[in-house]
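Here come two complexes built around chain A, the first alongside chain B, the second alongside chain C.
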Partner chain A sequence: MSYEIRDHKKRSASRRIANIVVLTLSSLALLVVIAPSIWIVVQILREALPHFSFSVLTKNGVGLGGGLRNEIVGTLVVSIGVVLLAGTIGILSGIFLAQYARGRLASILRAASDILAGIPSIVLGYVGYSALVVGFHWGFSLGAGVITLSVLVIPYIAKTTEVALRQVPINYIEGAEALGFKPTRILSRITLKTALPGITTGLIVAMAISVGETAPLLYTAGYSQNLPKLTLTHSPLGYLTYAVWTFYNQPTKTALQLSYDAALVIMVLILLLIGISRIIVAQTQRHAETSR
Partner chain B sequence: MSIVETSAGDAKNDAEGRFQPHLLGRRTPIAIVSAIATTVPAIAVIAVLLVLFSKALPAIKYNGLHFLTSSAWNPGNFYANPVVTNGVEHPILAKYGVWPLLTGTLESSVIALIFALPLSVGAAFIVAKKLPPRLRSLAGTFLELLAGIPSVIFGLWGALTLGPILSKHIYPFFAHHAPNIIFFRLFRGNTGNGEGLLTSALVLGIMVVPIIASTTRDLISAVPRLTEEGAAALGFTEWEITRKVTFPWISAGVIGATVLGFARALGETMAVAMVSGAVLGTVPHTIYSTYSTIAAAIVTQLDSALTDATGLAVETLAEAALILMAVTLLANVAARYLVKRVSSTSLPIGKGL
Partner chain C sequence: MLQDTPSFDGDVKKLDEGSITESADAVLSVRHLEIGFNAKKVIRDINLDMPRGHVVALIGPTGSGKTTFLRSVNRLNDKISGFWTKGSISLHGEELLSKDTDLLELRRKVGMLFQRPNPFPMSIKENVLAGVKAHRLAPKSQHDEIVRENLEKVGLWKAVQDRLNDSPFRLSGGQQQLLCLARSLAVQPEVLLLDEPTSALDPISVEAVEDLLRKLVPEITFIVVTHSLAQARRISDHTMFFYDGKLMESGETENIFNDPQMPETQYYISGRMG
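Take a look at the complex of A and B:
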């Protein structure tokens, strides 16, 4: 009898120790996972802030120095272009996939979207280069850059739109139908309106991707130290990620500083976008709770 | 919604079929326009394949099957008169092989997962099971931030901060103390300046953590409470519940997320181009060796390839891109199959941010 009790105690001690060991290791894993994001942000601040002057934001690049105005404007122009082009196509395709698509055709279109999302961005960049820049004789241009990046983000926007639309409660639609709303009116007044926060966050993610992508732009948008021309073809333009990639290993100190300055501006833009999407989500959740 | 989209949460809505399509007009203009928009991804996929294949065709003819096994990366003499072989014009002595790039791509991604998988699952376990709601959302914010950091900034940090620190303080220890026997031998030798296989695999590992961790976290939270409570009532410890009840429940989804992370690591370009040392034509012989991947080679080589007047260098990059696409596609299809087994709607998680 006493033997059995001791055995039980011994086993439970080893079980408890195993439990503690696993919990400790997992907590360490969490710290290791969180550390790099803080480290990277702190490192950029440490390298960029001591030399930072606001003239960096207002001057164009000159050789390996100067400012980042051309890159900042370029990044904004490209992102807005992507939100307009990919946003239109992506939202429409999300509407179709959520509302109309059924059966075999739908699953083929969905699979195509998934396959596109899995293509490495540099492959899209290469194809954009050979098809648009060389094949269509557009040269390095805003048009080639925006189209290549749009192809990259359309699957995201389509998917987030589809999911947002699917989450609209069916009672809303049935209620509207009972009131005699026409289908198109239900779509615009009820479904899309309710799904708007989800769709918007999808667009914000697309914008964050456009701000941070490099590989699809290098050989489509090219580079220029002037402010971007707003023509679609033969209009090479600068963008922030280009500055990080090109200036980080140049021999001069100003180039390295410019690289870190560009990284800082990128991180500020991305944090801003993450912040906005958080606010939208928080607002929607509050709204959802009170309306229930 | 977050930058890291996950597939676990949407399963229910889809299965319940909340949406009744017959409520909405099928012949309205919006239905027709949106149907046309939905064909864009399909057209894009076909266009990508057509462009790549037609670009690569001369290179496939010239390089032949040796392309897969050869280690050479010699663009040939651009200044001598071009020669014609197999009907393809090429610079004299041009010889290409994708073997080092292919092994570099696979090795770095596998090593990345060896780091990322246990870290992600451990972190997800703590976040889902132990943290109070407020800290849970804070941890979620950090994962989101990690997912939102662009590849080129990971590259900057890996090349100028992480790499030098590791090669100065950490790698020499392993290099001196690793026994000179099989496998451990890989850890011996010159540790370089921090640019190389191990550093870039570490950076890649950090980059895929958000994909695996956020999916695992959501999957753990979606496990029915009753089954876990049943195990707790039987006297299981938390670890035993996790090992015997939670993990078997979510394993397919976690493997799916891991393979998606693998696919992302395979195609990752900028970070690898900045941290790998971007050396072509040699297979890495220690874990610190400089090397390159297919994606990184395309971005670093395309510029100089354009100076090949015969076009063979550019065409060879298209051939390499085709191989990269085949490998990532395989990984993606496998991942989606595994994720589909646990949820019906899978978001395109883990594509290059």
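Take a look at the complex of A and C:
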């Protein structure tokens, strides 16, 4: 069967137009993604840098002035707590979901995890408040804050862990089985190692969420201008997002400046986290099949 | 297409219980083996003896059950849902299909090489040592020696001695497969199962792997699933022809290819089927 093919010039013109349209649209989309990030960074730097002094990092807050040391330490303590608690539970849940959960049990667990992930953080904050702060009489405290934030990020960590584990090539696993590796050894030497970039990324994002999250902590951690006490109950503590939110609305200039300083510190912390995760990934993937 | 499958006769029969004395030198003995997935039977009543220290080729059309059989010898199918076995496979008289079989030790004794090279995501050196470490076969002081010895055995040492700590994925496909072979050899297996070990390799690597197998017998018994009749002819001492889940014919490779008894075998090796 034969038919008359269309003119070559016409066809290549329409292809060229399609190319240009797609290229333009995707460039625009990219701009929409990048522009706000750059704008935020520039804005914070412009507002914070001119008056920035390193004493902000070393002095505690006093009233509406002073420094941010108590908030910085508070945020770090809470984040480390979240990584330890949510990291442990989240990664173990992810391993369970990827390797052991079968059939109905698996779908129930996944649904529960998805629902938990969909609950707004302020609702979780309220639940944390009524259950831990009031219910258990813990008061505003490090323990209540860490647990509430952990509940927020556990589904996320579990999901990223599960996905990362599922992407480990079956070739590796069968190879290790055929060589007589114990299941636990396959998990530790092959599966977890291969999945580590995904798991680390999940952990880092979880940590970034807990550095940047406000609502759950307002309800559970309270606020303090002293350095955090390392006890789990009755230990209200400061954190950076509180400073951003509260000081921004105060009438004094020093308070406004502190608010921008806090935003700057949060930004630097998050960039550091991203940098650290990149280094970890690069270090562990030296022998990976796809070099990154 | 074949109309009906003839019943067992000829070569297979002599392997039945009556004549086990004949198979005293068998490394693997299979008796009345049936394998299936749920209601589907993949292997039907197979009886065979794998002679020790030889290369045995398993040939047969796709879906004839040879790979399923191969993967059952080291129990790699266990985790597949619906998988079941009946009958017996024994290694030197020791039952492999029992619940009490020590799977880890079985897999040390019966290694496997896959169709696609699958080095682990660790350095070349660590790849060779992977099984040695998993089974704690040797003290650390001997590790360097083990790495060298096994890489030399497969002919890779010269190519990789300066980059033992590099990623294995920078090696060519053929070199990766040789590395996997070195990894399997390092745990000193008695039997190596090879599932189309050269089908993903270039001709020069195929030759390297084939030469190696010839060199490594009789220390190790190789059971090779292959779709290449030419390869089966080149490398194997014995050939077993699988058809529709049954062992149709088995014997010395030369006899199978020059004087096949069963019509299916004749069809298959003449290239009219499969």
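Note that the second predicted complex is superposed on the first by the 241 of 292 C-alpha atoms of A that agree within 3 Å, B and C clash if a C-alpha of one lies under 4 Å from a C-alpha of the other, contacts with A are read in each partner's own complex, and residues count from 1 in each chain.
One rule holds in what follows: a contact is a pair of C-beta atoms (placed from the backbone, for glycine too) under 8 Å apart; a residue touches a chain by one contact, two chains touch by 3 or more.
This is a predicted model, so every value here is computed, not measured.
In the superposition on chain A, A:Ile190 contacts chain C only, with no contact to chain B. Contacts of A:Ser130 after superposition: chain B is touched, whereas chain C is not reached. In the superposition on chain A, A:Arg286 makes contact with chain C only, not with chain B.
In the superposed model, A:Ala18 lies in contact with chain B only, and not with chain C.
By the touch criterion stated above, A:Leu109 is placed in contact with chain B alone, chain C being left untouched.
Note on chain A: of its two partners chain C and chain B, the one contacting more of its residues is B.
Applying the stated contact rule after C-alpha superposition, one finds that A:Glu177 touches each of chain B and chain C.
Of the two partner chains, chain B is the only one that A:Ile122 touches; chain C does not reach it. Common to the chain B-facing and chain C-facing surfaces of chain A are residues 169, 174, 177, 182.
Within the complex formed with chain B, the chain A residues making contact are 15-16, 18-19, 22-23, 25-30, 32-34, 36-41, 43-44, 88-90, 92-93, 95-102, 108-109, 112-127, 129-131, 135, 151-152, 154-156, 158-160, 162-170, 173-174, 177, 182-184, 186-187, 197-198, 201-202, 205, 208-209, 211-215, 218-219, 241, 244-245, 248-249, 259-260, 263, 266-267, 270-271, 273-274, 277-278, 281. By the touch criterion given at the top, residues 74, 76, 103-108, 111-112, 114, 116, 118, 120-123, 126, 130-131, 134-135, 166-169, 180, 183-184, 187 of chain C touch chain A in their complex. Chain B makes touch with chain A in their complex at residues 1-3, 5, 10, 13-14, 18-21, 23-26, 28, 30-31, 33-42, 44-45, 47-48, 51-52, 55, 118-123, 125-127, 130, 139, 141-146, 148-157, 159-161, 206, 209, 213, 237-240, 242, 263, 266-270, 274, 295, 298-299, 302, 314, 317-318, 321, 324-325, 328-329, 331-332, 336, 345-348, 351-353. By the touch criterion given at the top, residues 169, 171-172, 174-182, 185, 189-190, 193-194, 285-289, 291 of chain A touch chain C in their complex.
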